[in-house]
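Quick heads-up: structures coming right below.
In the two complexes below, chain A is the common chain; its partner is chain B in one and chain C in the other.
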Partner chain A sequence: MSALGKNMMLLLAGAVLLMVAPAFIVSKFYIDVLTLIFFTAYLGQSWNILGGYAGQFSFGGVMFFGTGAYASSILLTTFGVPPIIGIVVAIFAGALLGFIVGFMSFRSGLKGSYFALITLAFAELLRVLANSVEFTGGGVGLFLKYAPGLSNLQFETPTGFYYFALLLLFISIAIALWLERSRFGAQLVAIRENEDAAEALGINTLRCKIYAIMIMGAMGGAAGTFYAQKYLYLDPPIAYSIHLSVEMLLVTIVGGMGTVFGPLIGAFVLHVVNEIARHFIDTPGLSLIVYGFILIIIISYLPNGLIGMFKKKLKQTDASALDKLKSDQGDGNA
Partner chain B sequence: MLPAAIINGLMFGAIYALVALGLTLIYGVLHIINFAHGAMLMLSLYAAFFLFQLANIDPYLSIAIVTPAAFIFGYLIYRYGIGVLSKGKDQNILLITLGLSIIIENSALFFFSGDQQTVSLSYSFEAFDLGFMYLSYPKVISFVAALVICALLWALMSLTDMGRAIRAVAKERQGARLVGINVEHIFAVTFGIGIACLGAAGCMMLPIFYVDPYTGNIFVLVAFTIVVLGGMGSIIGALLGGFIIGITESVGGLLLGESLGQIGISLIFILILIFKPTGLFGSKV
Partner chain C sequence: MLNVSGVTKRFGGLTAVSSVDLNVQEGEIVSLIGPNGAGKTTLFAMVAGFLKCDEGQVTFDQVSINGMKPHQISKLGMVRTFQITQPFAGLTTLENIMVGAYSNTSDSEVAREKAEKVAETVGMKSLLSQGADGLTVAGRKRLELARALATDPKLLLLDEVMAGLNPTEIDEIVAVIKSIRATGVTIFLIEHVMKAVMNLSDRTYVLNDGKLIASGTPSTVAEDPQVIEAYLGHGAAEAMVAKS
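== the complex of A and B ==
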């Protein structure tokens, strides 16, 4: 079997395993933990497209989530539009916001720390706005009705939300797989590695970066609807929380930026760490202290994340194989 | 109403300026963005708070304790932490200082709980009568003290050998190394001075504000806004920027109301970055 076929088989096996898992997990608690892992991995993947593949770090990724959440929730509470349509609007709202933020900041040539900070400022701006205008419910927030049903994207059991989150996860992985194989994905990587060189090669870097942030925005928008329908409450500090922005980048960096499975691995590891920390000392802040240390250690010693540990070995074997090949050829010539 | 808002803004603006001075100094010399700036300010607010609570030391007197302590903290954390870990990449430093801010913020939550803390001084409610408004003593003392410390910082940078060495490293670090300046030491000293500014700012802010583990979040964007407004690395820019932002905030609050008034900071930040990223006094981004 070819390597590609083997990987596809592994991927399918993993997908099937996750699909049948709820049949074997009795505890609602673990179903919920897995749901959260998928949800975080999905958000991490949205960050990964712009941050990991295109190399543009954002500190305000939560803004798409919050805007999508408000879009579908306001449509539902004010106009009675069912969330299954609302989520489509949320996706478009996220993409539109991505276009606006991307156009404004990338056209002005912002990159690196400046881009990271301006996204933080956009998220803060939206938080203040959501807090001040009336149709978002202001500081009081929005309460959604509990009415399970597919058109409401609400489910009676945690398993329903499990499959909803799993579907989001599959979509995000499909997008990342597409990026790995497509011309567009290669263009994003070229921008990350050397933007001037990419531009010189004729890549429209501005357009590529805007597309990337629009995809991120669309994905974030859908996540917002998911969250609102699961927890049935939304207010500005939740919708535009800096902690979610941080979590998105954290799981991706920990797992491995610019890789298909980095966000999922990172989300899994961090949630497990979180549950273990909570098991021993249930004091607020502790797991985040651990996250902070993990972030610093990964950045300093494992810039390619946990996945990078394995990939490095792979590359080393590649290199040694190449050396061997070279020396063989050398012998042959001699 | 408006003159009162402007004067209140000026009072707070001087402290903002001090916070931003620390940030801009670090950027100007080390070319790094310290995302943990707000978290470190929060720590110095707590330091002043506990000195008052446990040892009954007036926050304005504890400037003499907290500022040197903050310097040592900053020196050590750069020399043996950030400097070693970052390996010189701009985005690494941003993420490492982000990690640092997460650690500091949640350690504060872990050890000090999430409750808001304030101090009440014997003269907290005494005020100057300006005719059209009352100006509380603490506000005036903080204002004057912030200006004095800014002047001291200026003197340190322009008149001492250490200041000369710092400016040399900022301009040309290779050249500075060649004439025998220990660049790593100067980096750490500069970081220490930047954090020392926060130590002083925290003591001045405590009597007219509050502290909780999230206070830093409020000020991190404020400090960045001031610094990009004034121009990254510009000391005079940080001073003016501090006053402008202080006034914007209080006048914005007056005109737009408590909630929407906060919009000024992030709006100015975005507009400056998009339309004039060099700020008022900066040379390059």
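== the complex of A and C ==
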């Protein structure tokens, strides 16, 4: 079996495992933790497309999430539009915001820390705006009605949300797999590695970067609707929290930037570490210190993330297998 | 094919390139030489769209390309390489060349085949799976050439692809450039290696202090007193004549 076929089988096996998992997990708590892991991995993947593949680090990724959350929630509370339509609007709202931010910052040549800061500024600006205008409910926030049903994207059991999050995760992984194989993905990586060389080879770097941030925005928008329908409450500090911006880049960096499964692995490890630290340490706040300490270790010793560690090993085994093959052939000829 | 007329570039008070006129005809290999700091790379950067001309006109295939973005010019068929090599360091040789090949196709299989073919042309076939950051200087120079070639250019702008190579490597790359020209690609190159300039070019332009001081076949240019003085200093031309 070819390596590609083998990988596809592994991928399918993993997907099936995640799909049947709820049948074996009795505890609602664990279902909820897994749901949260998928959700974070999904957001991490959205960050990964612009940050990991195209090399444009954003520090305000939450702006798409918050805008999507507000878009579908306002449509629901003010106009009675069901969230299943609202999520489509949220996706477009996120993409539109991505276009605006991308056009403004990339066209003026912002990159590196300047781009990171401008995205942070945009997220903060939107938070302040959401706080001061009336249609977002201002500081009071928006309360959404509990009315389970597919058209409301609400579910009676945590398992429903589990599958919703899993679907989002699958979509995000499909997008990353497509990037790995497509011209667009190769162009984004070229931009990350060397923007001048990419331009010289005929890549419209501005357009590619704008497309990348629009995909990130669209994904973030959908995540916003998911969150709003799960927790049924939205206010500016939640919708535009810096914490979430940091989390989506953190899981990706810990897992491995510019890789398909980096965000998922990072989200899994960080959530598990977090839960364990919380479980075993009673002193309030101490668990955060342990969490931070583990982060420092991972980032300083694994600059390519956890995936980078595995890849290195894989490459070594590949090389030794190749050597073996060669020597075998040599024997055959002799 | 390429027409440059009256092109000028100033950086503050310094005129790096001063009203330069030159042209490259289809099928030629034309070289641009001159001492360090003469403005050669600046001129290339303007032609390829990386810098804006302060004055003058650049046309490629009768199309004015002033103000065009580098990727637009690249799409028209004029592709540059960089003097300081700019590999996509995190990618393999194959992936690097494929980025160039994607310029004409969105199919990754077609791009892969094209990249492999180009790698063979420039003699990098055995290095395809090697990471670009692990290549030698000669390898990186070849990679620059291969990536540009993979876009199927009509005109290649080669900026010192031989700098830093040893004599054997230079001979190899000269042969490669000749074989590229034989496939119908026009070549405009900046070079310091005079052996290669003499060997390759149909015509040569000499730039000094931002101004064109001579042009013609390589051998007439090499005997031009102004050119000798530009390289060896004032009075050198007379000294050489006196000696011979």
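We adopt the following convention: the second predicted complex is superposed on the first by the 296 of 334 C-alpha atoms of A that agree within 3 Å, B and C clash if a C-alpha of one lies under 4 Å from a C-alpha of the other, contacts with A are read in each partner's own complex, and residues count from 1 in each chain.
Here, a residue touches a chain if its C-beta (ideal position, glycine included) is under 8 Å from a C-beta of that chain, and two chains touch if they have at least 3 such contacts.
Bear in mind the structure is a predicted one, so any value in this text is a computation, not a measurement.
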item: Of chain C and chain B, partner touching more chain A residues; value: B
item: Touched partner set for A:A174, first chain B, second chain C, both or neither; value: neither
item: Partner chain in contact with A:T205 - chain B first, chain C second, else both or neither; value: second
item: Partner chain in contact with A:Q187 - chain B first, chain C second, else both or neither; value: second
item: Which superposed partner A:A197 touches (first chain B, second chain C, both, neither); value: second
item: Chain A partner contacts - residues on chain C that touch it in the complex; value: 48, 50, 69-71, 74-75, 79-82, 86-91, 95, 98-100, 102-103, 105-108, 111, 147-148, 151
item: Touch list for chain A against partner chain B, complex; value: 57, 59, 104-105, 108-110, 112-114, 116-118, 120-122, 124-125, 128-129, 131-132, 138-139, 242, 246, 249, 253, 283-286, 288-289, 291-293, 295-296, 299-300, 303
item: Complex contacts: residues of chain A adjacent to chain C; value: 181-183, 186-187, 189-190, 192-194, 196-205
item: Residue ranges of chain B touching chain A (in the complex, touch as defined); value: 33, 85-87, 90-92, 94-96, 98-103, 105-110, 114, 213, 217, 221, 224-225, 256-257, 259-260, 262-263, 265-267, 269-270, 273-275, 277, 285
